[in-house]
Amino acid sequence: MSETLEYVASAARPDAPPAILLDKVNKWFGAMHVLRDVSLNVAVGERVVVCGPSGSGKSTTIRCINRLETHQEGRIVVDGIELSDDIRALDAIRREVGMVFQSFNLFPHLTILENCTLAPIWVRRMPKREAEELAMEYLTRVRIPEQAKKYPGQLSGGQQQRVAIARALCMKPKIMLFDEPTSALDPEMIKEVLDTMVGLAETGMTMICVTHEMGFARQVADRVVFMDRGEIVEMGTPAQVFENPQTDRLKLFLSQILRGH
Amino acid sequence: QQAPAAAANTFDAVKSRGQLVCGVNTGLAGFAQPDSQGVWRGFDVEYCRAVATAIFGDPNKVRYVPTTAQNRFTALQSGEVDVMARNTTWTLSRDTSLGLDFPAVNFYDGQGFMVKTALGVKSAKELEGATICVQPGTTTEQNLTDWARSNRIKFTPVVIERLEELVSAYVAGRCDAYTTDVSGLAATRSAQPKPADHLILPEVISKEPLALGVRQGDARFADVVRWTHFLLLSAEEFGITQANVDKLGNDPRPEVQRIIGKNGGLGPMLGLADDWAVKVVKAIGNYGEVFDRHLKPIGIQRGPNAQWNQGGLQFSPPFR
Amino acid sequence: MSQTTIDPRLMRAPPKRKLRLSWADERIRGVVWQVLVVGIVGTIVWWLWSNTVHNLEVRKIATGFGFLTREAGLPVAESVIEYSPTDTYLRALTVGLLNTLKVAVVGIVLSTILGTVIGIARLSRNWLVAKLSAIYVEVIRDLPLLLQLLFWYTILQSLPGPRQAMQPVPGVFLSNRGLKLPWLDWQDAHSLALLALLLGAVVTWFYRRQALAKRILDGQPRRIWPVALGAMGALPVLVWAALGAPWTADWPELRGFNFRGGVTVSPEFFALLLGLVLYTAGFIAEIVRAGILAVPQGQWEAAQALGLHPGQVLRQIVLPQALRVIIPPMTSQYLNITKNSSLAVAIGYQDIVSIANTTLNQTGQAIEGIAIIMLVYLTISLSISLFMNWYNARIALVER
Amino acid sequence: MSDVTLETAAAKVPEAAPRSPPASQIGLLAWLRTNLFSSWLNSAVTLLIAYLVVRWTIGFVEWGIVNAVWSVPDNQTQACRDLKGIGACWAVITEKHRFILFGTYPYEEHWRPALCVLLFVGLYTVSAMRRFWRKELALVWVATLTAIGVLMWGGILGLPYVPQERWGGLVITLILATFGLALAFPLAVLVALGRRSRLPAIKALCVLYVELIRGVPLISLLFMASVMFPLFLPEGMNIDKLLRAQIAIILFAGAYLAEVVRGGLQALPKGQYEAAEALGLSYWQKTGFIILPQALRLVIPPLVNTFIGFFKDTSLVLIIGIFDLLTAGKTAIIEPAWQGFGVEVYLTVGAIYFVFCFAMSKYSQSLEAELNRHRNR
Amino acid sequence: MSETLEYVASAARPDAPPAILLDKVNKWFGAMHVLRDVSLNVAVGERVVVCGPSGSGKSTTIRCINRLETHQEGRIVVDGIELSDDIRALDAIRREVGMVFQSFNLFPHLTILENCTLAPIWVRRMPKREAEELAMEYLTRVRIPEQAKKYPGQLSGGQQQRVAIARALCMKPKIMLFDEPTSALDPEMIKEVLDTMVGLAETGMTMICVTHEMGFARQVADRVVFMDRGEIVEMGTPAQVFENPQTDRLKLFLSQILRGH
């Protein structure tokens, strides 16, 4: 399996230094081994889609990347900074990595605009006026500038998720992580959000996205990673992975999600 | 503020503060209680004013700190108050183990019983089986049990902390008898719509010398307090009153001359002004006047608090 | 099935984390912060402690619990156990503790009942009943408990004196000395009969459970009352008769100043109990109301649609669900009753606080006295909490 | 869009004229029937309660108004005593109301505590209005409390100095309650955060504090503050009695409020913490901007409940000889002339407590409704 | 309109005595007139589907039938018993009428099995063993026997609704009422529940079902009743009602729900 990994990783823009490097990362929850020797190399500007059955460690992997979870073995290097117990390194990385959650996690007591400006003002120490201009710019990009004064509770799920994306973008991150951004949405709203993400992908942003939206993966992903039981089982271009699965597990998985639709 | 090491200097501390801090009862009719205007009045309060006058020549340079039965001693120990004029019984253990001194007994009291006349009881010995109202946490409670044991009397206690509630319990008939110091009984009795309905029984079951208190080891301040009390007594003995104290310049009696400081000498020995006594009597009156002003109206007789030459216990050493 | 496919070599245990000595390390910071805070708190405590020791020494105040074995000499009006002023402080304090427990336990039971009734009354369809319960709750909650206690005590004192005592039932007297009830001249036969009654109650209870279980199993209803009558009626009477059927009642009668004989419910106890129960019931009523409202209307309807009777709906469906919402705040109220009983000092019921106050006044052992009060209340509070938490866990809802 | 078509189309459909329900369904009669007399048991209960209410009301009006004595010439209470309980002696309030409200504060200076009470009420009112919920409100608080301190103590601006021992009555109650809660609140927030901390020692300390303080009655703490506190300090050092009581109340209220706040913290979804962390906010930024604003909003009703409880509990300082409202009321009737009119005084004092607590409880209900409306759109 | 009513009612098995008879039923909530002269005759074994816009009184009608609401004018006769204030009559009727709610209303503190056996044991006084056998039988019928020991909170929505149906069946009712049993469910779960109901309909049970599932109505309904503003506006066979609506209101309504799908 490792040959495949090497091959694919090196295939993706081998010249640039990697934006994210996971090297034999292992993680346990208590005694439960949830990540096993996960190695992944994401080049700058690369767009990676992660899929796999429930409980396979997809969320855990990307949460390790901005250290919402700590890994116990192996190395994670993000944007040239190695994740360790060092708090300064952590701060630096969180500034460079934006994250969008399945359940949006907007701050309900702040307006949309305040949601977007909070971190730039307090973390990046940006002047308020500037932060607001930036926020409006990104809100326009996700096509909801007119909602800026409303509260999250007044928006539909799709709109909320787009705000969440704008909020992350306002920190001008180099890397964006998405954890099943559409799975809490109604079918009609999924499209809104996917469109936004496609637009984002076109700007050349480095992205890792956990999703089961095949169409999206095919359209934007440079690479698809399939995880199962805490391991990366297969990876490759969407075409390789979807049309020509190598392992039984992936075949089974694909048959399931295709049947589900 | 003052530490016991500095306790020897309460006098100086008071002087430099410009005010005497006096611990009083939170409310005891006749002895200490704020009136409708919030001004403290009563027999004990006059002692605070007298000491303040002695030191400053001004009876109003007093701050009153209401103290409860529980916190009165710590208030004094910790320097929260300078002097305690708060119906406190002088006992050996308090004198020795609490770090206090009792410079003067300003009121001789004893514990007695009051019953309703309608009950037909004439003597405390007839109280077998009675329900008796008593305040907790003071010597009263122990006196009562001691007395009951020595007389083989069984009784049911009703133990209520605050005096008002205790009195109203007695008045309402919750208890057959009410026991506290005789002065308190008299005060309660006179406050009743019909005092004649209540009878103070003849037995006095304890000695209750109610004394002023100061911190131990502060002889100078204790002297001031003690001699202020004696001044009030002597003034009564020699007929010096609020009204005539100004006009005694030519009084032939040498003792009177010494008291009013005509020839000087005694005041400064206490660290006070020569005319301290005149000012005190002018402001407060003599012992008898104070007594008549506050205790007589609520029905307390002089009894043991009469002058020694009237058959009482109040005796002032000579001013010389 | 998934477990079998995992390569056993991969079933590794997590490694231990190494600690790096750097201020940037979160754990180092954590340790430093903790050492700092604990150090500061520790220093303050140590400082206060050493001051206290020093002050006690300077002021020649003796410490220690030796005073507990000294003679108390303090009179106690009512006591669950034998007590006379010649007993020790320890016994006096025990009497106080038992008095506290007495009012707390009775108060908890009664206020739970009253509070439940009022809480349900607030949901009543009778407008007057609902409104009055609401007014009751508002008024009771917004007035200081102390004031209420004094109020009830004053009311009870305005009852007639012992000589004019009311006699609602012959042998029962109500006066400002309390409620006097006749009581048996207690003998072993009575104790044994009581024991038999208890035994009978237990037997009946078990039988009822059995009968119900069997009825659920086979659908045949069984009579319970014959067994109940036999076990709780006939058995004690038999025991009592076998032991010679002693029957001399101790009737209260006016002798001298007071009633002699019989048992007494004192006005102090009663006022305290009344005040506590009425006050706490106001709070419990709100808790119960919230609990019942928290059970969705659909549950009532579903149960009714199945044909269950209102009583069955309440017992089988609504109460079990409401209890989960009710129990945690109820625990706080039980704790409050226990602690509020210390206001007894104000109206002359001699609970642990009252007696400990007197003790520390007489002996000057302030620290020990207060330590005893706090220890006693802490023990009671923690026991109640533990019990209620256990009960709460037992009835917790099974979710995913 | 589809709504529009539905509306217009539906409007064209002729509506059948609705019949009004049978007479038994509407109007006063129907209301009475459904609400008061829906069954014979209900009717019986209604009649019984109505009878009792009417009787008590009449009794109270007779006692409190018809037969009452409103004032007597200087302390001659014979007129009151002659009533023998059939009428209230409001003369005791007429005579003593200033003492009850202001205690032993110098009589001529009573305008100062009176002004303070007004300031307190104004402060509460302003704080209660949501449109004033801004940062400046903290300044208003500081300014008002300072003004109150200046007014009460005096000693500057030509106001004569009044030592703390002379303060009393309603002002003391308001001071103890306001300062108590204003200071207990931040303490409670810290303790609640500490109790959820990952650092075991800090967590243990907070748990210890909360459980120890909550497990004992307030009066034992007050007692300790009053009797034993001087022993804890070095010789000669002492702290004002009011301050000691205040500290005891703060510690006690802090433990209770901490549990309330903790409830709010626990109710907050984990996602909020994670989102804040992922944005790179530091612990205190996260706590201050994201966690606390939401958590506190969640627990406003229990918070106000606790406030009400402590407002009333300040009356317990009577145990240590501070003249709060209730103690002042009790002291007012020590004077022999006025002994025996406790009921009138207690009613008055109770009414004052009631006004404050009832206002708080009504306010909390409306606030709860308002905030909830805000939450769901 | 009344001619239509008479006609259809008599068309449905005119020989048998009616299982449910509503005769000019009127109901007010306060001053609001929510049922206006509703008359309906349901024969034994007949399957009636009720539809109509929101607020038209569908729920109220069927809730009146098992007296979760009381009507104020007119007669309701169920299984030969007239609804009145008589409590015994009420008990008798509730035993014969099973009801399934939109929001399932399972008892969350009881297991699935206990949910099903509660009423048979306490109302029908059935031995527990027997009740459990019966419950397992019906749980098997709705195809979730393996969930018997779980609690409702552990089941999906579709499974919960099937339990609710089984629970009602365990009382062996002669008549089943359904109030929008599928509208709180996800699309995939709707099918599970509708299948169960179709199966039930095939056993010949008398059913009244409030639903907007046209497919279901076409498949099983003997009669479709269309209500609007508290009145029965039209009724007839599914074919009559759906293909050939007479009134403007029904036409409008049909256009809406068809557009919605």
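By written order: A, B, C, D and E. Residues from 1 in each chain.
In this text, contacts are C-beta pairs under 8 Å (C-beta built on N, C-alpha and C of every residue); 3 or more make two chains touch, one makes a residue touch a chain.
A quick map from chain label to UniProt name: A, E = Amino acid ABC transporter ATP-binding protein; C, D = Amino acid ABC transporter permease.
Since the structure is predicted, the reported quantities are computational estimates derived from the model, not experimental observations.
Looking at chain A and chain D, the chains that touch each of them are C. If you take chain A and chain C together, the chains in touch with both are D.
A simple rule picks the central chain: find each chain's mean C-alpha point, then take the one closest to the mean of all protein C-alpha atoms, which gives D. For the pairs C-D and B-C, the count of C-beta pairs in contact is higher at C-D. Taking only C-alpha atoms, you rotate chain A by 165 degrees to land it on chain E; that is to the nearest 5.
Each chain gets a centre from the mean of its Cα atoms; for chain C and chain E, those two points are 49 Å apart. Annotation: 84 Å between the Cα-based centres of chain A and chain B.
Look at where the CA atoms of chain B average out and do the same for chain E: the two points lie 88 Å apart.
Not a single residue in chain A touches at least two other chains.
Within chain C, residues 58, 150, 154, 345, 357, 360, 366 each touch two or more of the remaining chains. Shared interface positions of chain D, defined as residues touching 2 or more other chains, are 223, 227-228, 230-231, 235, 319, 342. The part of chain D that touches chain B in the complex is made up of residues 81, 95-96, 98-99, 102-107, 163, 165-166, 168, 223, 226-228, 230-231, 235-238, 241, 319-323, 327, 330-337, 339-340, 342. Put simply, chain C touches chain E in their complex at residues 215-221, 296, 298-299, 301-309, 312, 316-317, 320-321, 395, 397-400.
Chain C meets chain B in the complex at residues 58-62, 73-77, 85-86, 150, 153-154, 157-158, 161, 176-177, 255-258, 260, 267-268, 345-348, 350, 354, 357-358, 360-362, 364, 366. If you check the complex, the residues on chain A that touch chain D are 66, 68, 91, 94-95, 97-99, 101, 103, 105-110, 118-119, 122-123, 151, 153-154, 167-168, 171.
Across the complex, chain C meets chain A through its residues 2, 6, 10-15, 17, 20, 22, 24-27, 29.
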